[in-house]
């Protein structure tokens, strides 16, 4: 298995960050296999979405409605008010996803991008581990 | 890695389609490994559920309640009214899942089926990529 | 692939059970690869969360709010009242997750634990399949 970590700047607001170019570059030149995209943080997830046509915003809005930042809702009390919500997020948007790769090319559909979903506003940098297994 | 795509007819209504027989057939004769079931579409997901005792309908109802089709809710505006919702779905029901295989046999529990969850009513056919890695 | 099952006692209430020690022990002495944690039950999921600071309770509360136990909500009618909800859970919290392993060590973040999410109160024991592929 080939594995490495990359670092992504997420800043201090909830963000959806497109990782497709980095994952694609990581797989280039490899053969057939699965690529694992794994976020080693307890307040972020990885998803596969269409980006750029409003769905990024829609996903963040849906998270805010289904899992409101309201601090009174959550037992977890560290960090910025509402951070307890961020710790519930990965139960519903997992930090781990695998994508098939053929001849070094991600087998995503036309409208799919691999994204980091990060509602944590306390931590402006995130590490992501990419692993290719064949 | 062995990989191939299959095509599934989903029609023009929200559907949960059982893929277990196809995935099982794909793995037959292989040894021990993981099978990846991946949907290369931005408005569908893959899940593992009991089918046939009402839970298919329950899952579609839960999606409609948690992520309503109401077009006013979503920024994404292509397609049939409510299609914006379909683009949020894969954040919560991922298009990628892996299942362990032993001696060519899916290691599903008695009541588990691998299903396509497709709320998109615009696209009556769906491609699914099956990949086996050992 | 190396694969084995473990059994976990979950009792008769909704529980989040930390599996990290067992998964870590399973991977010890292996090289680089992916470990698959798979629950062969139709009413449970696997997640990666911080445990021990209230988020376990927060996740169970979020499930109860988003997918209420109210039996009138669900078509599925077997088991204890509210069991229909447990059959919807795995659509949103998948029974399958993979984690990268380097030199036999899980590549989890500092605050991440691998957990079983089991809201089923009818079944006090659960099987979990661990598989390592390199």
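To keep things simple, chains are lettered A, B and C as they appear, and every chain counts its residues starting from 1.
Quick note on the criterion: a residue touches a chain if its C-beta (ideal position, glycine included) is under 8 Å from a C-beta of that chain, and two chains touch if they have at least 3 such contacts.
Just so it is clear, the structure is predicted and the values come from calculations on it, not from any experiment.
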Same-site or different-site touching of subunit A by its copy subunit C, using the half cut: different
Angle of the C-alpha superposing rotation, subunit B to subunit C, to the nearest 5 degrees: 120
Distance between chain centroids, defined by C-alpha means - subunit A, subunit C (Å): 20
Contacts with 2+ other chains: residues of subunit B: 34, 66, 92, 94, 98, 133
Subunit C-touching residues of subunit A, taken from the complex the two chains share: 1, 3, 34, 36, 38-43, 66-67, 73-78, 84, 87-88, 90-92, 94-96, 98, 127, 129, 131, 133
Footprint of subunit A on subunit C - complex, ascending: 32-34, 47-50, 53-55, 57-59, 61-63, 66, 92-94, 97-100, 102, 107-112, 117, 133-134
